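What follows is subunit A paired twice: with subunit B in the first complex and subunit C in the second.
Coming up: the complex of A and B.
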């Protein structure tokens, strides 16, 4: 079985973002957490199947590609067989363009399963799985928390919300959107990670993105700070004031 | 990993730690397990761990989670008649196997990954490490500007980022300011000293931190390091010299004691009954018992009372050796956490204030006060906070 997992970078929100009118400049990037779960689930499926290979495809821009090394090294330390660093040459940040170019890159690689995280904190990237499946003409299922292989198909557990899980049979090839791997992310000690990063052979690929017509970014701006009012006084006063406030905002 | 590889890794690691060959002399007396705060809650006490690993039974030990039921309090190591370095060698080497297997308790894994990525366990920006200096009403010099000072004050992660522990940092800095000490901090150039990572079995990360920190120390001129963090103190005096670091390091209790004559002239009166908790890496591990007691007793108006278990026998707060990141794991295995027992002991003395000398103790004990319902009856203060109060009263 040939398995692929997509690893995207997102801004590291531990550091403050610099927001300018025509761009958002993060201090640094980190692997998207949902994609780390996608990589983990890919490796879990490899363990289950036995005869399988996992290829991890990291996506970055020319100015942040170095931030991918840790995530790719982590995947290698956990048992990924092949690593790609796909550097995007893009004039805009439209995710459909990324999905289209990535689909072109993936289409001849004959993957049976393509794992991707279902969300990314920069919000734009959350739809990658569905769009990728569309361009590759494969089925897509998101919200996945467990994957098993059976009779040439995948047995997939999907979270429906409200404590409900559903089981699906998914024909291959398919794109799987992972919400959370079925076990916590495997810990990789510092020395093992550094060794993996040193040893890892990463194939770099530059990908030119097609330009689509569509929504344009007009400008970026920081949302206004929310106004916080502390209600003070004794319990009766606070309760009265709270009722007034709830009426003012039409909750009551 | 197969058992053979695990054993090879384990013996290679303990072989690097002085005196660890003494495990061969284990007489299975059980002193360690009987002394352990978690002895009642673990399947493998240190005695049984040593025996099991010698018999090649290592997976069972790791699967039981016993290696994580250790707060590195050093009681077993101190009492062991064969002087086996259980805390520094046996436990961390077993923990390292868990880390290599990739499945340590989640909170601890997250803390270690944060230290590796950000240089602190709090997942905070390294560029905000010096933010606390903006919250004080005096100037705290930073080495990047000042270049040289008599004292380099190491705040460590808890002292720099933790909401409550920052207050201790501010208090000790204020005491130094009032004493007109020529001091400076590393500010955002400081990163985790790493003792808890070492005791958690993350030896590679500890080595990396030590090497990077020493490179920063070498950029500046100073005569000695002073820190209020007991684990930072321990690593700086016991582990960093192995990486070539040679400067004198003082715990803040020693520093306060050295300045006691001057402090006495400045002390006002406090109306407290005070008891003192011997933190493991101040007392039992590093033998500092008298200095903090002398400082407390020198404050006019303070009535000093001792708890039942003191000095070498003091009970751990449970935060050391990564215990501060293992709270929910430990709670699954034992009914009453050590900090809860300890605050009950402190309250039984009739004291108003429980004084400690390790940044980890304060949040551990304040949490325990809430759990035991003793909140309001007893206050927890670091010794520097008590000293500052006496200076300002």
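Coming up: the complex of A and C.
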């Protein structure tokens, strides 16, 4: 079985974002957490199937491609067999452009399963998985938390909300949108990661994005400040004030 | 403006998001709702097109495509839910329509739609302009549901008439385990997020919850780590808490999390003063939970004797 997982970069929200009317400037980027789960689930499926290989396709643009190396190194340390770094020719917020370009790149690679995270914090103009599936003319299912291979199909569990799941059978090849891998992300010690990053052979590919019209950003802005006054400073004083509030609402 | 609402049905029940989207659509103009599963749709206001294609399935985008071709709406509304996002994303690619996701407000115009999305973990508002026909994927809770006012005129269409099918097969629903405590029924919930840092620190939250007579819950990162069982997850994929107090410790408050927070009082503690959780809080503290919570526990113990 030939398995692929997509790994995108998103702004690291631990750091301050600079928000200007026409752009959002992150301090740095990190792997999209849902894509990390997609990579993990790809590796889990490989373990289950046995005779399988996992190729991880990292996506970045010229401004942030260096931030991808650690994520790809991590995938290699966990057992990915091949790594690609796909560098888009320009940044874009339009997921359809990325999906279309990526579909062109993937269409001859004969993957049986393509895993991607179901969402990204900067995906305000479409979700990659469903679009990619459509351009590749493959079935798609998102919200997936477990995948098994059975009789040439995938048996998947999808979250429907409120704790309810549903089981589906998906013919191959298919695109699977992962919300969470069925086990926690495997911990990789720093030394093993460094070794993997040194050894990893990453094939770089440049992709030209098509231009899609019909949607534009009018402006970016920071949401209004919360209406409450935030408690700050000495923890003893904050704790005293919280206790007052707990009394006001009859919890204490 | 003509608006087509994708009506979401799970296990034979019309989901609340459908009524929210109908309320949104009615503000924009003429509303038609498409339902692709068998359900009682009599509570939906306005015209309903019903295609019984079985339980929710991502391939139902092909049904929506056929209906869009026939109805020619200016805007198609989907809920930002697991079922509907699958359909919206495929439909937008298939019909080459612009799509705005994470939307909380939509305005109609002449040949265009303006959508406001909350992105970057709730830290940035993005105003988008789309040429019609367009798709908007609207967050749960953005519009007040209009349920029960229905006078649905229902038009049933068969799959054969539409000539669509697909290979993804629904097998069954898998219902959540009822062995654990039901956090949706708890009056007091102490909930932990990424800021808890380590599994060992969950004990501290449990101690606080016990002192307050509540239960411990968590946001997705904590559940993903396996530090708390899935039954304790608050948010879109987990449970909705509706009790007296939701004490959010180290939770940033991403949209998919706050969708599950309907408690009467929210108190949040986070080191990031721009954390979106503060926007739904009655009281917020900018502090490290690892420093604050032990002090709080000691003080509550003193009070309780």
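In the analysis below, the second predicted complex is superposed on the first by the 224 of 252 C-alpha atoms of A that agree within 3 Å, B and C clash if a C-alpha of one lies under 4 Å from a C-alpha of the other, contacts with A are read in each partner's own complex, and residues count from 1 in each chain.
FYI, a residue touches a chain if its C-beta (ideal position, glycine included) is under 8 Å from a C-beta of that chain, and two chains touch if they have at least 3 such contacts.
This is a predicted model, so every value here is computed, not measured.
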item: Contacts of A:142 with subunit B and subunit C, given as first, second, both or neither; value: second
item: Partner chain(s) touched by A:152 [first = subunit B, second = subunit C, both, neither]; value: neither
item: First (subunit B), second (subunit C), both or neither touched by A:243; value: second
item: Subunit A: partner with more touched residues, subunit B or subunit C; value: C
item: Which of subunit B and subunit C A:15 touches, first, second, both or neither; value: first
item: Touching partner for A:78 - first (subunit B), second (subunit C), both, neither; value: first
item: Partner chain(s) touched by A:192 [first = subunit B, second = subunit C, both, neither]; value: first
item: Subunit B versus subunit C as contact partner of A:184, first or second or both or neither; value: both
item: Subunit B and subunit C contact sites that coincide on subunit A, given as residue numbers; value: 184
item: Parts of subunit A lying in touch with subunit B, wherever the complex brings them together; value: 14-16, 30, 70, 78, 184, 186-194
item: Residues of subunit A that touch subunit C when the two form their complex; value: 11, 13, 17, 19, 24, 33, 37, 95-96, 99, 118-119, 121-131, 133-135, 139-143, 155, 157-171, 177, 179-181, 183-185, 212-224, 226-228, 230-232, 235-236, 238-243, 245-246, 249-252
item: Subunit A-touching residues of subunit C, taken from the complex the two chains share; value: 10-11, 55-59, 61, 81-83, 85-90, 92-94, 96-102, 114, 117-131, 134, 166-176, 188, 212-213, 220-221, 223-226, 230-231, 233, 236-240, 244-245, 252, 254, 264-265, 267, 273, 276, 278-279, 281-287, 291-292, 295-296, 299-300, 303
item: Complex interface listing, subunit B residues touching subunit A; value: 96, 99-100, 102-104, 106, 109, 112-113, 116-118, 123-125, 127, 202-205, 208
